[in-house]
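Two complexes are shown next, each including subunit A; its partner changes from subunit B in the first to subunit C in the second.
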Partner chain A sequence: MPISFRSLSYIYNKDMPYAHKALDDINLDIKEGIITAIIGETGSGKSTLVEHLNALLLPDEGSLQILDYNIVAGQKQRFLKPLRKDVGLVFQFSEYQLFEETVIKDVAFGPLNFGYSIDEAKRRAAEALKLVNISEDLFEASPLELSGGQKRRVAIAGIIACDPKIIVLDEPTAGLDPHGAKEMIALFVSLNKEMNKTIIIVSHDNEMVYNYCEETVVLSHGKIKYHGPTFDLFCDRQKLAEYDLLEPQIVTFRNALIENGFKLSKQARTLDVIAKEIAEQVKR
Partner chain B sequence: MNNMVFGKYIPVDSLMHRLDPRAKLIGLFLMIAAVFVPKSWWVFLFIAILITIALLCAKIGIKMIVQSFKPMIMMMIFLLVINTLTIRTGEVMFMIGTYAIYRDAIFNTLFVIVRLLLMISITTLLTATTNPLDLTLGIEWLLKPLEIIHFPTHEVAMMVSIALRFIPTIIEETIRIMNAQKSRGVDFENGRLSQKIAAILSLIVPLFSVAFERAYELADAMEARGYVPGAKRSRYHILKFRFTDYLFILICMAALAVSIASRFYL
Partner chain C sequence: MSLIEIKNVDYSYNDTRKAVDGITFDIEKGSYVTIIGHNGSGKSTLAKLITGLLPVKNGSILIDGLEVNEQNISAIRKRLGIVFQNPDNQFIGSTVKDDIAFGLENKQVESADMEGIIGEYAEKVGLTEYLDYEPQNLSGGQKQRVAIAGILAMKPDIIIFDEATSMLDPKGKKEIKKLMYDLAGDDTITIISITHDIEEVLQSDDCIVLNKGKLFMHDKPQKVFADAEKLRKIDLDVPFVELVREVFAKNKIKLKAHDLEGMVAELCRYRSDH
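Coming up: the complex of A and B.
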């Protein structure tokens, strides 16, 4: 297990009259090599959970194991840099973190901090920029002149260039147009499939979660309500009602087909497979 | 950064929170005067008891008030040192080596320190129980008489309230950008000077660009809703003195009266 939370709790404003327990006794194991989604209403503790993965917040109670790093409540941390190199964190509205004069310099900033030589950092930066579809003639432009979507892709390249083993993305598609969002998701899928990165996505977009994330974690009021296969969650109407989640369109369609007498296997999750199975039944 | 206590608003509901901000401002001035007039320890004790009662009514822990004293410790030590060096009247209390420490020096310092502590408690009480926006409304009202000499009270109040409104936003933004840069391997605490400068730069540049963006957005949003500087505006939130507000001011006036009287009778 590359990431495991053990009875971890985190409290905001601990000594104040308005202290707030953001994470409450979290036990969670996130699997290696797959895309996991974290969903839950605003204020459910998603972002707090994510910030623990980079030791930006340290647990008040319990412990957390990430790859070979062990974080225990109340202990001083010594391996912040190697941990942050191995776990790349892309924040919500990451486009606001750009600051260098040129795009390439900004993307090379992370690798330089993690000890790569200037040439190596630039090479990694160029590679990462190509991966996120930023054309070469923009490398020397100022990041502040780019469009919103381009800025976000540059920010993500800044994390990819550090070559992390785990990539965590907080609302990566928020505020993007549908086309841009689709491209972004395709990028994560290819990072997962081709470069074997473990990917964790915090999202509000149930359609995206259903279509691309193998497992899903549902958080509510700082507690884990569900962790398991995404398909099992979204096909269970009782669970959807309980966690107040919207049914993805494909699931609605699938359920309507089943109610009308079609037999669909558990593999029929995507439109393509559903179409194939129906086609066979219609032929007969 | 989030641990600053002095001047922080504590959003709970209490008797003190519900008082009119103008009443609390007037009360603040009366009580500060009441702290600075007397020369008797008994009056300080009396005021301290009043403040404790107010704290209980405000549902603010004593712990928080004690925390707000922390930044003052250095100043108190400084005061004590200066006073023991300069005040050389009264009887000798004790000797440090061959240097005499005088009774007046110690007592004068204690007096000043107690005054400061009381004053900080009163101010913390005001800022902890009053929403910053209400506070600016109160200040605007208090500045009203200056309009006779064409002082732009409303504009000043608007600027102050925008500034106050954006402090938490900017702090939040700062933490967010710092976290993002930490994730890219920036170390804000350790490192050589050149590394530290690079670290600060990676924070300041995005912060400025965000702040400007916010400012433009806010200006557009205000204009879109018909804001014209200097125009007469009606108010959604109308301040109203109630019985408890008058009672509160009366208690503060009484405290001031007691401390003035103490100068003549104690």
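Coming up: the complex of A and C.
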């Protein structure tokens, strides 16, 4: 297991009258090589959880194993830099964090910071920009001249250029128009499938989670309520009601068909397969 | 006469490209109109022209017969409310009560009447119990509801929602959409909603599709979505029911219903026919 939380707790404003336990005794193993979603209502602890993954926050109690790094509450950490190279974190509204004069310089900043030569850093930056579909004629442009969706992709390129093993994205599609959101989803699916990156996504978009994330973690009030296959979660109406989650439309449709006597296999998760299986039942 | 008449309106931020390019359409009183189009299609520019935030240089916009220009803008603004995208940017008061009161104070409503009016509109948006709450203790959806209560208290004829749900979580989105649908039932209020939410569009009376500054379609939502390919070509989403219709058509099953429930019923009928 590359990522394991053991009895981890995190408290904001510790020892203050308004201390708040944002993560409460978290035990969690996230699998390598897949896309895992972290969902839960606003304030449930999602962002706090992912900020532990590259040690932006350190646990107050318990421990955390990420790849070969072991972070234990109360112990001094010596390996923050290599850890942050291996775990790339893309913040919410990351487009606001671009700061260099040109797109290429912004993306090269990470690799430079991790000790690559200028030429190597630029080569990596160019490669990462190509991957996120930013054309070469924009390399020398100011980040400010780009559209919101482009800026966000440049911010992600900055992470990809450092060649992390794990990429964590905090609400990567929030505020993008449907077209921008689709491009973003295609990007992290290809990072997972083609470059074998472990992807962790914080999201409110249940439709996206259902369609693209193999496993899902549900957080509520700093505790883990569910961790397992995404399909099993969204097909369980009792769980959806208990965790106050909206049912994806395709699941609503699937359930309605089953309730009306149609037979659908467990493989019928996409519209294509559902339609095929139904077609056989109406033709007979 | 239509409540809003937009005639041959052009607008460009610089000389190279028109952000709004020769747009003409009318909006009827009491209707609920959605405006869609991908980023850069001219949606927001058009909204800014209607609300007088940008000057109309070419063409004309009439609201209830009154031309939108510098001279008329304060009279027009009194009849028009805008709900913006970011819930944090429009909370002015220190509590919910203060925030709703802000517009009323500007309008010099008697303080004896104030309490009653605030209570009425807080109830309308379901925030009666939150009157003394401060903004940091409210969710995004609740903040947007406060903004809407403040606008309703001014008794506007027109409310413009400028991507008012796009920054909210699913719960907040649901809350605001429900409130919008309730308001749409009120014939005295005309609603214009700029949105990316295709499911919302299905609930509106009319849909205006913009592409590259031009009017691409103006029709009932069902008709707009009937040609999925056409919408995909301009980078727009297709509602889930239309995806279902498409995929079943590929499997030689023709579905005619307008919602999922109807489609399931249709499939049941097909099954018993065979």
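By our rule, the second predicted complex is superposed on the first by the 284 of 284 C-alpha atoms of A that agree within 3 Å, B and C clash if a C-alpha of one lies under 4 Å from a C-alpha of the other, contacts with A are read in each partner's own complex, and residues count from 1 in each chain.
What we mean here is this: a contact is a pair of C-beta atoms (placed from the backbone, for glycine too) under 8 Å apart; a residue touches a chain by one contact, two chains touch by 3 or more.
Only a predicted model underlies this, so the values are computations on that prediction, with no experimental measurement involved.
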| item | value |
| --- | --- |
| Contacts of A:His204 with subunit B and subunit C, given as first, second, both or neither | second |
| First, second, both or neither for A:Val282, with subunit B first and subunit C second | second |
| Touched partner set for A:Ile159, first subunit B, second subunit C, both or neither | first |
| Subunit B versus subunit C as contact partner of A:Leu138, first or second or both or neither | neither |
| First, second, both or neither for A:Thr42, with subunit B first and subunit C second | second |
| First, second, both or neither for A:Phe262, with subunit B first and subunit C second | second |
| Touched partner set for A:Asp177, first subunit B, second subunit C, both or neither | second |
| Touching partner for A:Leu246 - first (subunit B), second (subunit C), both, neither | second |
| Of all residues in subunit C, those that touch subunit A in their complex | 38-40, 139-140, 166-167, 169-171, 174, 196, 198, 235-237, 240, 243-244, 247-248, 250-253, 260-261, 263-264, 267-268, 270-271, 274 |
| List of subunit A residues in touch with subunit B within their complex | 13, 15-18, 51, 54, 56, 80-81, 84-85, 88-89, 91, 94, 96-99, 109-110, 112-114, 144, 158-159, 162 |
| Footprint of subunit A on subunit B - complex, ascending | 2, 10-12, 59-61, 63-64, 173, 176-177, 179-187, 201-202, 205-206, 209-210 |
| Residues of subunit A that touch subunit C when the two form their complex | 41-42, 147-149, 174-175, 177-180, 204-206, 244, 246, 249-250, 252-253, 256-257, 260-262, 271-272, 274-276, 278-279, 281-284 |
